[in-house]
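Inspection log for the structure reproduced underneath, given as structure tokens.
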Amino acid sequence: MKRLIPLWITAIAGIVLIASYFVPYAQGLGELTSIWFDILAGFAFILGGGNLLKVHLKKVSDKAAGWGYSVILLASFLITLFVGLGKIGVHPSPDYPDNSWSGVYNEVGSPFWWLYEYAFKPLTATMFAMLAFYIASASFRAFRAKNVEAVLLLGTAFIILLGRTFAGVWLTSWLPESLSGLKIENLSVYIMQVFNTAGSRAIIIGIALGIASTSLKVILGVDRSYLGSARSEP
Amino acid sequence: MKLHLFALSVVFTSLGDAPATATPAPASNLIAQDHRKWDDGTRIDLAWDLSADDETLVAAYRISKALARFGDFQVPLKFELVEIVKAGTGEYTVADLARKIRLENIKTKYADIVDIESLEATNQKTFPVAYVFQIVAVGRDGATSAAATTPPITPTMEWFDGGRFWFLIIVVIFCGAVIFFIQLARGGRPLKVRKIAGLEAIDEAVGRATEMGRSCLYIPGILDMNDIQTIAGINILARVAKTAASYDAKLEVPTSRSLVMATARETVQGAFLAAGHPDAYRKDLIYYVTDEQFGYVAYVQGMMVREKPAACFYMGAFFAESLILAETGNSIGAIQVAGTAMPAQLPFFVAACDYTLIGEEFFAASAYLSGSAEELGSLKGQDVGKIIVGLGIIIGVIMLSAASVILDGSPGSPFGTALLNAVEYLKQVILT
Amino acid sequence: MNVAWAWTILVVVVGASLVVLVTRREQTYRALKDLDRRWIFLLMLLAVAIPILGELTFPEKPTGLAKAVFDEIEKLEPGDKVLMAWDYDPASEGELGPMATAFTYHCCKKGLKMYYMTIFSPVGPQMIEDAIEHVIKADFPHLEYGVDYVNLGYKSGYEGVIKVIVSNIRELYTTDHYGKSVQDIPMMRDVRNIQQMDLIINVSAGYAGLKEWVLFAATPYPDLTLVAGVTGVMAPQQYPYIPEQLRGLLGAIKGAAEYEKLVLDKYGDEDPDPKYLKGKQRMGPQLIAHMLIIVLIIVANFVYFAGKRRERA
Amino acid sequence: MDRKTLIWTIVFLLAGAYLVLRSMTGGMARTYMKAVDFEFVNVAADGDEPEWIQAKPQVAADHDPNELANYPDENRQSWTRYESAPLKKYAKAVKEDPNQTTYLLSISRTIGVWLSAMFTLAIFSFLYKDSIFYKIAEAVVVGVSAAYWMVVAFWSTIVPNLIGKLSPAIVQAWAMPGLKEEQNLLYIVPLVLGAMLLWQLAPKGGWISRWPLAFFIGVFCGIRLTGYMHGDFLYQIGNSIIPLVVMVNGSFDFWGSLRAVLLVGGLLVCLVYFFFSFEHKGIVGKTAKVGIWVLMITFGAGFGYTVMGRIALLAIRLEFLFDDWLWLMDPTDKRLGM
């Protein structure tokens, strides 16, 4: 029973959505199902926060290694949550000046906005900026022209790297107009439009077929791995 | 078709300038009927006989629509422009119409033209909508003819969207193929799948790690169990674990999700059992690190530098961390085998690893190893999909190329035109 | 221009001498073979920092796809409706911010009605606010909220959101980002679904983003036109959709710089505000860093092959 | 103290002294804001529904400021909002009137700029070595982002789309007075499913959360099956049907034709590589080999574009450090030009 009902739910939800693609009468039903899905996706964010809270509270109470960082994490989590859900420091919307809850949660100048602007934004952006360094060291340590395939990869990468900056324009600016097709900036465009399009198209077709067949198996209840492994079932 | 600018400017100049000299004759026999093809009830087809002056005076036809009724309640007609079409055009499909309108929308938009109270009195929440359409011939100098108007009409919704008929057929063929092959495999018929070259590299890598007396590292991606790439990664883990068990090599699996850890433990334990070394299985080598992407990578990176595993396997869904992992692995001189269906990360694995399972190949490897009827069957079904693509492209391209050569040699050749029409049908009707 | 030449020569000379040294001198070979990667980090830092401080810039020559994006917007008439799907976050702002700014500027100049929304991340509304604050309110103060532009904010559900709004926007978007009922927003009154949009402009950093807009909006409703700006990581995978499902594409900061130039050439002032030149400005460090990467790969390969030769010998 | 530690200590001390000096002399990180006063007057008679008329910053159209000034204080609502303002405007305002109060130095935002600079450096410190600074920054970003997502999901989806549908009256009275929706009790379903999903946090009854998970996955699969088959499969066949013989104005276009042949041929050989029913031997093997080459070129292009993207991400962080924090680039704030 515990397994059967989820299988039916999956099957019905999937079939409704597929049907709504082909049958106009089912479109309204498809919309409603999708909206429920969107709301549930909102709950997933709450679940994510809850899980984080649970894991780190446990870490703190167990005094596990690095529990001090968990305290910092919990503090920043709870402060952000408090100022955000409480709309602390948010002024009313000009349309409803007597309702202090009517303002928007991320109003400029509010503590929630401040946390975004001066903590969230620099931290996430810098995390990703580190990739520029890693890509440099990867270039130095990992890209070896050991066979034909690697030579093709690196050669293409060079053309793109040069062709998508002004360096490419200089390097081949001496080529006459009749050979303009060989200018690096034009070569990079051809590579993108011909080889990259062909290769990417083959990859996305393959992945689309994989996704479609997996979806089909899930809807039909053939593939149940998302329900957890069979042995963990009580 | 979009002639807005041109035709509007014609209309506007006529308003400002001297009175028009020649008024074109109106279009006649304007007919409105529900869209010919099956649709979702948002289209009406219009057809009309061209104005008598179509070839001389008329520049364009202006098509307008107006609401005529909410249910049984008449509404004063207020026409709004739908489109302006070139002279010589005798039909048009008006799209994006409504069949019903909600009372509250009538209240906000049409309160000035209809008596809301009497609508409310019916206790209906929605009202069927009827439209009238009007067509006016616009002369070259801007003069407009008398209008031709249709009686009120409501679009109807069919039970099936005809525009997607061919798509449905292709979906059915593909899904049918997948189900067919799964049943075939379940019935015990062996399905042949080609050898996947990367799989030998796995055995080799484990073997070398054993020789060197160092460990193997296995990363099943950073997504949770609900991602098919993680599942494929776990299937391949089973094989790696089996090889490691038979060679008596140490296998370490740090994971980024607790659920993945639980599944990986079961899988590895099973593999050690199957290889006949259940006692060699060590639970604590398969552990959860953190969900946070960079935190996880930072940990794995540090661990790799300290322990220097001789073989690294990256099998699953990866994002920006792919290059950090591959680069670190390279710097410690490990043999690396990767597999992922993340197109953006493939370059890094391909360049830095000794062997990479690319995209679909990764799933194929997983199916090949798991040997399960479902996976092998769906792989075969996917091959059917690829045959459809290949045949479709080859036939279409040959026909189109032939048509363009024939029509270039002898313009208007009936065979060439027929070919061209066939390709157009293929592209515009079947493949959209 | 001369600065850039000097740079290129410097980088090439250093690279070439390293290559020579590697093959000739055992000591250099050893040093490079076991080079601490923090030295490479430092090189990267300098390659980006110095051009920024020196405000190094280069001329831009727009290519086909950027022109295609520009032309699609040019085709529209004042008052046409444009859906601005701002699917990015601060992490990708370095690449996509300049595009978003240029798109907004272009649409304001054209007098288009702008409908902002986001499905990528809960941080998306903040990106929309940036466009509104820094472009619309700063340079087009006559545009009125609710009449010329509206911020519909974020909805969770990824492609599930697109799936709903292609046929019915009202059921999901009951209010705008600020909690105002859409029924009270003049420009939302006639909008039943996004099929009524004359163009969709998507600025996308990943999932959910451009791929979802292509698959769930532009494909099932071929009348919808879609143009987009995406990060460098995503760009190559979007080419199969061009031009049928996707009319134009700006890839990475180069795409942004090209489009910026097209917009400024037609609509820019004599001395455009620096915020409209961010793409061009970031192409300076880009060039030097690309050269660095190329030199690193070449030097590393020489080290690798020198090592192989030594092994054999 | 060994030599390395000594060098680092000196570097840090020097950098610190430099920063202190620069910030004391007013040369960096300062952030300004503009005060905007809001005032609303209730012009309705006592006991009637309140009718609020804006008095500040602008008086609402068809209202006389003098008339509004007559109302007593209890009929008023007023507050001040602080908008971001560039240094340029502040400098101009101070020059015109040294006693002005519209443009102000924002202490909290200046501290914010310092804090973001510290966070930026803390993350970058990881490039040198994992350290306590990086770990703290990491803890903060995980905590803040998880809470941020929760808050946005709550205010943008749960309140208007769920509570607003189940009980519009509550939402109107509370956070969204402008909401105009009718009650729809069908939305109990997502409420129940949502509650079941949150059950995962409970120690027992893990099976309960499988129902919403099953719904979630079913919808995903339903949407994706048709979506991917249509856009990434069917359309890609149509997109690939192009003439191999390209004629331009009646003459044969060699380069155009070559491009078409390479595009279609490249796609077909890649598909052969991804075909699993045949062994890669003989002609199939050779074709698959060419397929790999095409894929390698694709990956090379992907690598080039990825490099390009990552560098821009670094550029914006350095711009922040040099410009917003250190004011090394143009202290007149021309660059930001907001």
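In this document, chain identifiers A, B, C and D correspond to the written order of the chains, with residue numbering beginning at 1 in each.
By our rule, a residue touches a chain if its C-beta (ideal position, glycine included) is under 8 Å from a C-beta of that chain, and two chains touch if they have at least 3 such contacts.
Worth saying up front: this structure is predicted, and the values here are computed from it rather than measured.
Colleague: Relative to the centroid of every protein C-alpha atom displayed, which chain's own C-alpha centroid is closest?
Modeller: A
Colleague: For the chain pairs C-D and A-B, which is connected through the larger number of C-beta pairs in contact?
Modeller: C-D
Colleague: Taking each chain's centre as its mean C-alpha position, how far apart are chain A and chain B in Å?
Modeller: About 17 Å separates the centre of chain A from that of chain B.
Colleague: Give, as an integer number of Å, the spacing between the C-alpha centres of chain D and chain C.
Modeller: Chain C and chain D have C-alpha centres separated by 13 Å.
Colleague: Cα centroid separation between chain B and chain D, in whole Å?
Modeller: One centre to the other, that is 25 Å.
Colleague: Of all the residues in chain B, which ones touch at least 2 other chains?
Modeller: Only 104, 174, 226, 294, 331, 343-344, 347-348, 350-351, 358-360, 382, 385-386, 389, 432 qualify.
Colleague: By residue number and range, which residues of chain D touch two or more other chains?
Modeller: Answer for chain D, listing residues that touch two or more other chains: 84, 126-127, 138, 142, 148-149, 151-153, 156-157, 161, 175-178, 180, 213, 217, 219, 223-226, 228-233, 235-236, 238-240, 264, 267, 271, 274, 295-296, 298-303, 305-308, 310-311, 313-314, 316-317.
Colleague: Which positions in chain A are in touch with at least two other chains?
Modeller: If we look for residues of chain A contacting two or more partner chains, we find 17, 21, 27, 32, 34-35, 37-39, 41-42, 44-45, 93, 95, 102, 108, 116, 120-121, 124-125, 127-135, 137, 139, 141, 143-144, 149-150, 153-154, 157-158, 161, 164, 192-193, 196-197, 200-201, 203-207, 209, 211-212, 214, 216, 226, 228.
Colleague: Select the category (line, ring, star, complete, other) that matches the graph of chains linked by touching.
Modeller: Per interface graph, the chains form a complete graph.
Colleague: Tell me, which parts of chain D touch chain B in their complex?
Modeller: My answer: residues 126, 130, 138, 142, 180, 182, 213, 217, 225-226, 229-230, 233-238, 240-247, 250, 264, 267-268, 271, 274-280, 295-296, 299-300, 302-303, 306.
Colleague: Mind pulling up the chain B residues that touch chain D in the complex?
Modeller: Result: residues 104, 167, 170-171, 174, 192-195, 197, 226, 292, 294-295, 298, 302, 343-344, 346-348, 350-351, 358-361, 364, 379-380, 382-383, 385-386, 388-390, 392-394, 396-397, 400-401, 403-405, 408, 423, 426-427, 431-432 of chain B touch chain D.
Colleague: Sort out for me which residues of chain C touch chain D in the complex.
Modeller: 38, 41, 44, 48-49, 52-53, 55, 91-95, 97, 121-123, 125, 133-134, 138, 153-157, 159-160, 163, 172, 174-175, 177, 179-181, 183-184, 214-216, 218-220, 231-233, 235-237, 240-241, 244-245, 251-254, 273-275, 282, 285-286, 289-290, 293
Colleague: Contact residues on chain B for chain C in the complex?
Modeller: Spelled out, the residues of chain B in touch with chain C are 4-5, 95-96, 98, 104, 108-109, 331, 343-344, 432.
Colleague: Can you name the residues of chain B that touch chain A in the complex?
Modeller: These residues of chain B touch chain A: 39-41, 157-161, 164, 168, 174-175, 178-179, 182, 225-226, 228, 231, 259, 262-263, 266, 294, 320, 323-324, 326-327, 330-331, 341, 343, 347-348, 350-352, 358-360, 363, 374, 378, 381-382, 385-386, 389.
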